[in-house]
Amino acid sequence: MSSEYEKDGQPSKTADASPEDANSLSKDETKKFYEDKGIDFSPDSPIRPKPIPPFEKSISDKIASKFGSKVNIDYVRPSRIRISTKKEDILDVAFFIRDELGYDHAESVAGVDYPDSKEIEVVYHLGSYTDEKLVTQVLALATRVPREEIPNPGKDSTRMTSLREVFYSVEFHERECFEMFGVYFEGHPDNRRLLLPEDWADIPPFRKDFKIKGR
Amino acid sequence: MLKEFFNQETAPHATNVLVGKLGEVLVKAIGKPLDYAINWGRIWSLWPVHLETACCSVEFGAASSPRYDVERFGIIEAFGSLRQCDLIVVMGTITRKMAPRLRMVYDQMPDPKYVIAMGACAITGGLYFDSYNVLPGIDGVLPVDVYVPGCPPRPETLIQGCMLLQEKIKRMKGA
Amino acid sequence: MATQLPPGIQLEKVDDRIMTLNVGPQHPGSGHMRLIIKVDGDYIVSCDPDPGYVHRGEEKMAEYRNYIQNIPHLERPVIHDSCNILYPYCLAVEELLGIEVPERAKYIRVIASELNRCIYTLYWLAIYGIFLGHSTMFMWPAGDRELFIDLLEAMSGARVTHAYLVPGGVRNDLPANFEERCLRQVDYLEKRLKEYQSIFYKNPILISRTEGTGILSRTDAIRLGTTGSVLRASGVDYDIRKKEPYDVYENLDFETVVRKEGDSYARSYIPYLEMFESCRIIRDAIRKMPKSGSVRTKLKPNPKGGNDEVYKRVESGRGSLGYYIVSNNRPEPYRVKISVGSFRNLICMPYLLKGELLGNMPSVYWGLNYWPVEADR
């Protein structure tokens, strides 16, 4: 069976080392089980490099010193910074990021649904073309909006300020986020449907309580 | 009937009806040999609609490329108006947004028309069997003549599917 | 025989001068999308893109499959550029799971993704040619493309859906005599590309249809957040392979192609010039590649990502392609967001088509290097 693993690295259903079996064993037993089969048993969570890169630190320090407790620096890693803020402050923070730090476009706007804490997170990935120092950097600007059990897109409290006047390039991304998560962007001129069929009547499909067929 | 024929407004329609009736009479009179002749004409000039529905269109394009050259089997490259087409190759996934449009395209094509379902998605939904926006096959939308399996099918498979369709047309009634 | 019109289809006349046209989804000049174009005479007054005809919910379905099962799934949006769309996914999963990739696998990945970039660009060039009414330009690249497909078929076993790049390296080692064969094909392609120049890029009809149409200035290219060849055609020197090198791109010898005009001609010329750079990269990578060694770090079955998130991006045939993966200690990702170049360039379409002649629509549309299946995901 181990040769099958080596071939495609994918747990096959017929293999007796299927994950369900493995989970029922204790941790040491599992380790031994895999080691007998010659499979690498590395820890689940990787060990991240500890030192914080200085240039990224200087950017996050600028944001922190300007806004203080309004923003939260989630992590600072090589070429990646993530900050989160309240949805009321996001416009100020975005203007600061654009005008003072030099980020000039949005790469994507991703929504993440957290039904347990009744929130939807909207993450803007911002980058820069003009500033030579920032070309490797991607800054994730996250904010959370309240989430309602029975969504009514556009009319309920799941709404936030659009960043279109700051970063023009978010136009289509925000439209996608609106239809997929039901987050209404105030100030966006064009909150229409984009990808889904015109007669879509179900809840926004990327929410966690929308189940796909057979799952 | 004759009155309609001389009336300026209904004349074109009446002519069509008359020609159609004459054709029917002719077919009934001559029967099988004419069937063969009509079908022979259809087989070697199948015009596909230029409707790409998903990623299988890449392999459809490759089938028209010099290496595979589907034109030598009488399947002409997909360019032109759908009013002159008699073959629709459904290239892959049909989403819920595309399905009504697909039916509209099919309805606008003149008879006789043939449908090839290309790729696993067009047959059963394929890799997207559990997606919320994908139809599980196009059987509910169009009457399919030939299924070409694969994800995506190789151009050879598509050519084989076309040849199967030609075999099928050969055995069909002419009119 | 009036068919019931589906909702959203507009066929009405807006006023006496302005007329609404539906370009697509069944149209010889559109892909799998619809452009609602308002024309005044022959001039486009406004354009409203209506994508979503191939929206299959990839991102949602990725949440129900584990990291390995997602591989064949996530390459489907761009099957003719499948190595490049899997590349950032592999990088992201490797960072999530803390996997090191063997040195030889890194070079093989680069070779595979550059070969695939050529395949993509040749297909795009074929389509671009035929939509401008240049049939020879369909036949030549579509034929030359097959030779590169043969190479990748020998590497991976499949014609277009390779699933060759996997987290931890590549699926299998190179076949025997691959280097020789690859170099021969690359030489052949370079020879052929020079012929394309004389038949297509110096063709006065092409020049008159593309030069000066759909001009995108440098400021606007940055403001609209465009990417890939559209951005580089407007004079912004930005290529992720150079600016944020992943795997072994920093060791390889190539240049970024930049043009300043910002018109359709420049946008169609840049992917063509980049194929020469791809050939350079392939040659260099074959020379510098370790001749033997492991090509894959084995993953343990059903690996779990930590409580973490990661954003990785690469330069694909259509521009920057990024994966944002959130994981929550489960074998399946919690959320996968694919930031694709086609979707980012969609914003240019209404902007560039405004005020353009209707006859120039295909050259602007296909010059954006837009692949609707990828944009819809």
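The chains carry the letters A, B and C, assigned in the order they are written, with residues numbered from 1 in each.
Criterion: a contact is a pair of C-beta atoms (placed from the backbone, for glycine too) under 8 Å apart; a residue touches a chain by one contact, two chains touch by 3 or more.
Because the structure is predicted, anything quoted here is derived from the model rather than measured.
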Reported most central chain by Cα centroids is C
Of A-B and A-C, whichever chain pair has more C-beta contact pairs
A-C
Starting from the mean Cα coordinates of chain B and chain C, work out the distance between those two points in Å.
31
Averaging only over C-alpha atoms, locate the centres of chain A and chain B and give their separation in whole Å.
45
Per the C-alpha means, the centres of chain A and chain C lie apart by a whole-Å value of 23
Touching two or more other chains - residue numbers and ranges from chain C:
6, 52, 55, 57, 60-61, 64
Show the residues in chain A shared as contacts by 2 or more other chains, in ascending order.
196-198, 205, 210, 212, 215
Where in chain B do residues touch two or more of the other chains?
95, 97, 130-133
List of chain B residues in touch with chain C within their complex:
49-55, 57-59, 61-62, 64-67, 79-80, 82, 93, 95, 97-98, 100-101, 103-105, 107-108, 127-128, 130-134, 151-152, 154
What does chain C use to touch chain B in their complex?
1, 3, 5-6, 25-28, 31-32, 52-57, 60-61, 64, 72-73, 76-80, 123, 126-127, 130, 138-139, 142-143, 145-146, 159-161, 373
What does chain C use to touch chain A in their complex?
6-8, 51-52, 55, 57, 59-61, 64, 68-69, 95-99, 166, 168, 171, 222-226, 231, 236, 238, 243-244, 296-309, 311, 313, 320, 322, 324, 326, 329, 331, 334-335, 337, 339, 343-344, 346-347, 376
In the complex, go through chain B and note every residue touching chain A.
95-97, 129-133
Interface with chain C, chain A side, in the complex: residues 5-6, 8-11, 17-19, 22, 34, 39-47, 79-80, 82, 104-108, 110, 112-113, 123, 125, 129-130, 135-136, 138, 140, 167-173, 176, 194-199, 205-206, 210, 212, 215
